[in-house]
Amino acid sequence: MGQTIIEKIIAHNLGVQSVKPGEIVTVNVDWVMLDDIMIPFIVDKFHEMGFTKVWDPDKAVLIYDHLVPASQQDDTRHYRTGDAFAKECGLTHVHRSDGICHQLMTEAGYVKPGDVVFGTDSHTTTYGCVGAFSTGIGYTEMAAILGTGTLWVKVPETIKVVIEGTLPEGVMSKDIILRLIGDLGADGATYRALEFSGSAIEQMSISSRMAMANMAIEAGAKCAAFTPDEKTAEYCEIELDEFQKGLKGDADARYMKILVYKAEDFVPVMACPSQVDKIRPVEELKGTRIDQVFIGSCTNGRLEDLQAAAKVLEGKKVAPFVKLIVNPASRKIYREALACGVLKTLIEAGAIVTHPGCGLCCGRTGGILCDGQRVVATNNRNFLGRMGTAKTEIYLASPMTAAACAVAGEIAVAVD
Amino acid sequence: MAMGKIFKFHNDLDTDQIIASQYLLLPNIDEMKVHTFESLDPEFPKKVQPGDYVVGGENFGCGSSREQAPSVLKALGVKAVVAKSFARIFYRNAINIGLPVIVCKDLPDAVESGDEMELFLSEGVAKTGGRTYSCTKLPEYMQQILSQGGLIASLNKEG
Amino acid sequence: MEQFTGKVWVLDDDIDTDIIIPTEYLAMKTIEEMRQYAFSPLRPELASKITSGDILVAGKNFGCGSSREQAPEVVKALGIRCVIAKSFARIFFRNAINNGLLLIEQPDLHDRIKEGDTITVTVNQAIEAGGKQYPITSLPGNLVEIIEAGGLVKAMRRRNGRI
Amino acid sequence: MGMTIAEKIIARAAGVEQVRAGDIHTVTLDRMMSNDGTTHLTVDMYNNKLKHPHVADAGKMVFIVDHNVPSDSPKTAAAQKKMRDFAREHQIDFWEGKGVCHQIMMEHYVCPGELIFGADSHTCTYGALGAFGTGVGCTDLLYGMVTGTSWVLVPETVKFNLTGRLQKGVYPRDLMLTIIGKIGANGVNYQVMEFCGDGVKTLSVNDRMVLCNLSVEAGAKTAIFEADEIALEYLKSRGREPKAVFSSDPDAAYAKEYTFDLAEIRPVVAKPDFVDAVVPAEEVCGIRIDEAFLGSCNNGRIDELRVGAAIVKGKKIPGHVRFLVVPASQEVYLQAMEEGLIETFMESGAIVMNPNCSVCWGSCQGVIGEGEVLISTGTRNFKGRAGHPSSKVYLGSAATVAASAVRGEICMADCLATS
């Protein structure tokens, strides 16, 4: 009997031949990611549990991103707690203002194909883009992993998504994942792994895959999986070993469902307020007045995304009384965008470029809105009140669509 | 004017202490006023009664142009501010919104928080602790604005 | 078998963690400070109305969204005895169990109940509401262990010889 | 009797031949600026308190959102929306996220000879171009918006005679802090600081802005330089013409005169919690910091970014320090980008923010927490100004701030270079 990507990773982690969906197993953790919002809670639970040492201080990555720069006086307490814990336990990997956690975990060279990773943030599913098994957990479980280096998991069933062909101009991987969430529903993949394959996926950059893996959670998925290839190897700066090369779904693997799409059928879409699975073609929403546009986040704040936006905005101006906020996902991306002129193009068009971090997406600062305002955003959630009040409307879209909306001052199609 | 209680503050009392930046964008003065003097005396908004006085030293109200500073004092019912000297913008703002600001060189050093005081605006004198203090009288132009109830009232009168 | 009765609050499908506890309150020092803001984007009055022993009944996918463990913690801190939903989002489910908040999956109850009703839960067996019985299934063994230990923290304290 | 520059501007705005200190005049305002710190209140009063609301001349109004950009809460957003909607309705020039208000005003509006009201205390900055700019509250602003006029009490002028030239490693900010330390936080209350003497010829418009901007910290109504060829060159490069170029008459009356020899100025720091608690920078060296801030309407221009970047180039900011770099405007940012300064800061580990007021006003990204210490190029170090009431703010030059950021404790640029 063949195996899916996630089954192979878990089996390899356990040192066994194979695992079956539904099995409850205890995995050895390769990496953990701790973020700044959760760190005080993690530290409390860690001490409460009676631990004094982190199982492997070199395997824990502490990242400040939700609260950078601090917008409330008490935010800096989280930094102090994190710094003290890092010192107490000898953590060697601490990022204090380098960007969003999910960007840094792969970009800074931590997560590699085949790794098992847990993070105190739901978008930890992102690392599936390089063929890792990664998922979000709470701070209590994180404290337990820090003490033991292990965690129990139920081996998930896998939904296979096959996309063949070439995407039309103006369509980005964000449009694919939004459409998929719409088709599956916000809980359509709960507890399951989403495994992506097909020629359209093979053509995709790691950045595009990240956007999709990142949003797998929005369909409820436990994790996402992409087969590591040459692009992955280059991105991770490694040579793939035999195990990593073999991380593809076997032809005779068990899938609970297989969804097949033609890439040519995708169109630019948006998730409408206030559910991620309320998907409609941008075409149908054209002309809706907007107040603000946000391009950034761990979903769509990468160089490729900023370049796509810059291409739309080049030589144009953001509409009067509309605010465009651009938040690169990491310091590295910011510097690359600086070097290649993308930031210049964006700023000249009228964008407000903020320091890399979670920004508006986490709803604490970075462009919060009020009653009756409407925002088009490239991040992952449009929940009620996420970026303002219950009467703030959030539309999720690709960077290209978002940029087109900023220019028009209303919902618009980038390639029209 | 009737007797009121004195709340006394130090020299160079700046507008950030009267009302901190983080509250300035609240929707209205009523939401802001509960944070008046928060860094110095968080209980002030609860303790102060309509008709009470704020007494300062030199350079009262220095710092920013935030009109929220005199406005929260007025909204809490502060009858007047008496100080040895005032910072310019605070002074102007107070007059404009109809909050009397009185310069009196001797009184501040002679009183303590909690003392009772009585102010006679038109005579330009204050009485406290059995003594009478003479205050600098306002220029006529400013007295006019004050007596009309502030600049907006004067605007509506003209209009 | 453990049994309890409580008053019901009813919520819809897809109640996400930003509704349960919005991000702006997540960095408060304690769950006690946070709990007054529970469900505020959807029903700002709810947190003040819930009393200890009440039961929350919701539709599908309760707790979807972020991994914030503050979500089950505030629900528990409000005194909610258990949450009954058609289905739960994965991370919320784990976090609730780890904190000793009882979750029950029941597909039919939500559609046949209204807010203010009183129901009786017999753990691992059934729910009685309006004279009708709704069957419930029991949890997997490894989760029962955590709940029996009183949550993950206590399980770990025991492991580390602290209790 | 002759008049000073300030008196001449007021006389022109009042339409009279002569004014004297102490007179009250009704003046026609040339321009009014309002930012997101107070405009929502102005708009509320406009809508709710006026019998006959109207805007006298929308062309004289400028609204600038700079204090909380991007917005940090629904209440902030609602306040800013009120301002945006009003600007749109009345066709008022509106800037959002493009820079700190005074920087925007200097880049795009201020002309010599103008009388300008701004609903912000640092409106006194405009004296760098020979304009009379002064801070007012929102009621004054509203009155001005509705009538086009206001009342002005003609201030006395105090003469600051500057001689010589600043030494290398000493900056206009050191000079102005030294002056404030000497004359005190209310040293020139209600008065105008007029800068003159040979020394002013060594100061660029940028330098003059640094001086004028901080004049309110000594209580001044405004500060002013004669619009000389340096000012007119700046103006010309931006395609603007002066309204009127005034110089003080030889027999003008001054309340007081001071002379400062620029060559004698040394790096200084203002200690918490008062701007006039000025000491030689050496005295506070070694104090551990949590955050350093390079920015603000006082010190966030290209000159200061160059100074800061030269110091941090090739160095790493220590982990415990947050080094905020906030260009004063998008124009400054783009220039800094062009010169590679933004890259230098980002490489060092600094946090480069979008142009805004940042921690200088204490309710924007970058606020500091309980017991923390900030060294700042901002305008004020009042108790709790930058965040928690127990936090401390030291004010220093861009060089001192950058050197401190690199060292993790207050440090003079000279010491960093020699260590």
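Lettered A, B, C and D in written order, each chain numbered from 1.
In the analysis below, contacts are C-beta pairs under 8 Å (C-beta built on N, C-alpha and C of every residue); 3 or more make two chains touch, one makes a residue touch a chain.
Keep in mind it's a predicted model, so treat the numbers as computed, not measured.
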item	value
Shared chain contacts [subunit A and subunit D, defined touch]	none
Cα-centroid distance, subunit A relative to subunit C, in whole angstrom	27
Computed distance of Cα centres, subunit D from subunit C, in Å	54
Subunit D residues counted as touching two or more neighbouring chains	73, 75-76, 78, 367
Residue list for subunit B, restricted to those that touch at least two other chains	none
Shared interface positions of subunit C, touching two or more other chains	24
Chain-level touch network, classified as line, ring, star, complete or other	line
Pairs of chains, among all present, that meet the touch criterion	A-C, A-D, B-D
List of subunit D residues in touch with subunit A within their complex	69-78, 81, 84, 87-88, 94, 96-97, 290, 319-320, 322, 324, 330, 333-334, 337, 342-343, 346-347, 349, 351-354, 364-370, 372, 387-388, 391
Residue ranges of subunit A touching subunit D (in the complex, touch as defined)	68-77, 80, 83, 94, 96-97, 291, 320-321, 323, 325, 331, 334-335, 338-339, 343-344, 347-348, 352-355, 360, 364-371, 373, 388-389, 392
Residues of subunit B defined as touching subunit D within the complex	12, 14, 16-17, 20-29, 38-39, 58-59, 62-68, 70-71, 85-89, 92-93, 96-97, 139, 141, 150-152, 155-156, 159
Residues of subunit C touching subunit A in the complex	14, 16, 18-19, 22-24, 26-29, 40-42, 60-61, 64-70, 72, 87, 89-91, 94-95, 98-99, 140, 142, 151-153, 156-157, 159-162
Interfacial residue positions of subunit A with respect to subunit C in the complex	24, 37-38, 40-41, 45, 48-51, 66-67, 72, 74-75, 77-78, 119-122, 124, 135-141, 143-144, 147-148, 152, 186-187, 190-191, 220, 222, 275, 362-364, 381, 383-386, 389-390
